[in-house]
Amino acid sequence: MRHDDSIPPLSFSRPLLEVRDLSLDFGTPRGRIQALRKVSIDVPAAQVVGIVGESGSGKSTLAYTVMGLLSENADVTAGSILFEGKDLLKMPAQARRNLLGDRLSMIFQDPMTALNPVRTIESQMIDIQHHEQGSRSEKRARALDMLHRVGIPDPQSRIGAYPHHFSGGMRQRVCIAMALLVKPALLVADEPTTALDATLEVQIIHLLKDLQKEIGCSILFVSHHLGAVAELCDRVAVMYAGEVVEQGAVRDIFHNPAHPYTRALLECDPGRIKKSTRTLPTIPGEVPGLLGTKVGCIFRTRCRQAFDRCGQENPVEYRIGVDQVARCHLLDKELLVSV
Amino acid sequence: MMSVEAIRPEANDATAVGAFRTFWGQFRKNRLGMLGAVLVVLIAAIAIFAPLIVTHDPIRIMVGPRLAAPSLDFLLGTDQLGRDTFSRTILGSRIPLFVAFASLGSSLAVGLVLGLIAGFGPRWLDNLLLLFFDTIRSFPSIIFALALIALLGPSLASVILVIAITSMPIYARVVRTQTEGLRNSEYIAAERSMGAGTTRILAVHILPNVLGPLVILVSMDVPAVIAVEAGLSFLGMGVRPPTPDWGAILNDGYSYIDQTPWLVFAGGVPIVLATLGFTFLGEALREIFDPKLRKDL
Amino acid sequence: MWLYFAKRTILAVAIIAVAVTLLFLMIMAVPGDPAVVMLGPRATPEMKALLHQQMGLDKPLVVQIVTFFGGLLHGNLGFDVFSQRPVADIVFEQLPFTLELILISILWAVVIAVPLGCYSAVRRNSLVDQVAGVVTVATIAIPSFVMAVYALLIFAVTLRWLPAIGAGNGLWDGLIHLILPAFAIGIGWVGYISRLVRASMLEVLGENHIRMASSFGISEWRIVARYALPLAILPTVTILGVGIAWLLSSAVFIEVVFARPGIGALIVNAVNTRNYPIVMGVVLVTTFLIVAATTLSDVVNALLDPRTREKL
């Protein structure tokens, strides 16, 4: 419990994680891909922040950037990632690695491939506690306790098993147990329920919610599933083609979406469609290619309300409510009209 | 439902010139591959123009003194029979290339046919052929070669036969694996439903798809064949004297190793250059065309 | 588990049976009296008569093959009429020298190659990786007998550091005599294994569970050694089994070049003197060795991976 005293008090402090104007390119043989453009997101202490968007929106890239697990061709071109006030991007590699598995941990998308196939759950769970004090048997006891808390039945007899003995849902529980075993301040969850079927998804979401309250950590929750985000998160950021187009409290975003893309996303969510229909609605068009630099609003090619200005300048963040911002020129016009 | 054309695995609509240009673009960047190509071309040129390059009759004995050191007249000295080593080395380039061409060519043809039969024929025949392939692969190649040579007598033909037999199972297996994969693919099923016979399917659809990877595989075996031929000739089980051959020259050098190191170099260095050249070239081709090829084995 | 072993054993036995039949038919296919073919031109009429009687050449082919198999089951590889000794005795007398050479060669090659392969994969495109990449292709390509002749020329003839020929007497002398032969055989294997380890290590390092392990801040080399290597080593285990065939072939040349005793030298002599029973004896014993080694490496491979271990 050595981290408890270091968790800052909730109200007065700055956010646990502050991503500021982060831009990131991937170098490819065909040119540079701008995967993230001026992304700014805060994760306050002990809160759950969701990131939603289609595939290719850069939401997983953001998660990997925070963890420092990007592939070699990734290149951060601007911005900072402040974690507990220190810039992760300016830290020496060793100092940054020391945070992993201690203050930061991660849950991955595919539980079937996330665990090492030739080592037992026990040896993997003991291995990851390398920052912790204590003997092997103490670490084993902690692992057993955590397996019990994530709902693995009879952990005593199952801890010696190999990953392939567990079903997908059970494996994701093991992964969650591992990620929380190190008592992180921030848990990064990259689509932890995408590979699971619907009933399991609900179970895992509830499990994460309960454990987050119990442990008091923050979660950066990446998902394309709006229902899961609504269920779990306090705040949400909507990403499109490498940009955050809208963010705010979950309640505001879902009840009063300000950006056309957010509205379109919500209209397409099968869980929120009221009347029965034979065809699921979709957003027409495709996510634009991210090769090279872009001028204008990134969403304009698919936006039903696009006008001249959208092709000429990048929209800035417009504040809507107390705690909701969106990047859309329409908001500027509305403000002008209302004034 | 996709159209039949759309799911064909190999679309050959790009022009041959364009395909070569993309290939050349990639190949040029591979420095070892270029080195290999230069070596291979050089050796091939030497083999073709050998009679023009030689300075003495490579077979005539006592054109000079025995075991003479290199001089202006005898560039690489002479051997124990007073033959000119330089001329023998130059003409010796012909045997390995000929053996590689003859043995791998026949091996490829037989392997292709047996592989197609195994991949497309009935299950029991497939199993039988697989057992046969595995058996041949279980013979230690050089020891098996020696046994065959013991029976047939040492000659170039024996060497070619032995290499053809021992390298065939690998080709047959690759062809079988690929054929089986294609056989179960949708586009073959579609062809079938439109009334195409087995022969037509094999000739028009399977053969072109199988042949490319196979040729690369075969080209990668050239250095091994050169090594086996030189090795058997080194043991005196390959070419018959007085035919000049690198392995035989190396053996002459080995016999007089404490007196005439140049003989060892005259026989050994060409073997090294030839195997290296073909290896670098083969590696480069494999990297460009099919990085996963060897994993089918 | 036992079912798997049984299956593998049956397959191995089947391969050996087919191999023996093929060899037998090969002798029969050669035109002329098989006894003359087997005994060669130097055979006396008494020898021919003895062999005729031994092989039952007057009986139908099937009976001959069955008799031959029956002899094999009793460890009878035939009789060497020249030395008046059983072939099995002669072959097994020479086998230890070859096995010793092969095992030492593969051992030093693995000890060097596995760390080299791991390092090349982790520090990809580093100077070490690039140099190793070129050198390993070269060492694989150069035939072992050429390597052996040059090693002999440099270290034994010119520098006189190491003995040139023979197997030596006693443990220490024997080891000294092994250095050059083991170097000549093993050097190609260093390249082969390190390339194999590098390739499979690169593949494993790209897998999700490795990223998961790094997400807990586990150090790079610990991940390589404890998370990646147990998986990356599996193809190498398989190749080592197949490699026995290659090693036996190299041993033939190496034993001739360094004038070492062993089955390679034995078969070359036998071919030169047309001593067919010995030739066939060596082919049978080495084929058996190879089948046993490949079967064993497949089984070891299956045992090393818990996923396959339990399915056995």
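We call the chains A, B and C, going by the order they appear; numbering starts again at 1 in every chain.
Please note the rule applied: a contact is a pair of C-beta atoms (placed from the backbone, for glycine too) under 8 Å apart; a residue touches a chain by one contact, two chains touch by 3 or more.
Quick caveat: nothing in here was measured; it's all calculated off a predicted structure.
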{"item": "Steps needed, at fewest, to go from chain A to chain B via touching chains", "value": "2"}
{"item": "Contact-richer chain pair (by C-beta pairs counted) among B-C and A-C", "value": "B-C"}
{"item": "Euclidean distance of C-alpha centroids - chain A vs chain B, Å", "value": "55"}
{"item": "Inter-centroid spacing, chain C versus chain B (mean Cα positions, whole Å)", "value": "22"}
{"item": "Whole-Å gap between the CA centroids of chain A and chain C", "value": "54"}
{"item": "Residues of chain B touching at least two other chains", "value": "none"}
{"item": "Touching two or more other chains - residues of chain A", "value": "none"}
{"item": "Footprint of chain B on chain C - complex, ascending", "value": "11, 14-16, 18-19, 22-23, 26-27, 30, 37, 134, 137-138, 140-143, 145-146, 149-150, 152-153, 157-158, 245-246, 248-250, 252-253, 256-257, 264, 267-268, 270-272, 274, 276, 279-280, 282-283, 286-287, 290-291, 294"}
{"item": "In the complex, chain A residues that touch chain C", "value": "67, 69, 97-102, 105-106, 108, 110, 113-119, 124, 127-128, 130-131, 162, 164, 175, 178, 182"}
{"item": "Interface residues, chain B side, partner chain C - complex", "value": "32, 131-132, 134-144, 146-152, 223, 227, 230-231, 234-237, 250, 253-254, 257-258, 261, 264, 268, 271-272, 275-276, 278-280, 283"}
{"item": "Residues of chain C that touch chain A when the two form their complex", "value": "207-209, 211-219, 226-227, 230-231, 304-307"}
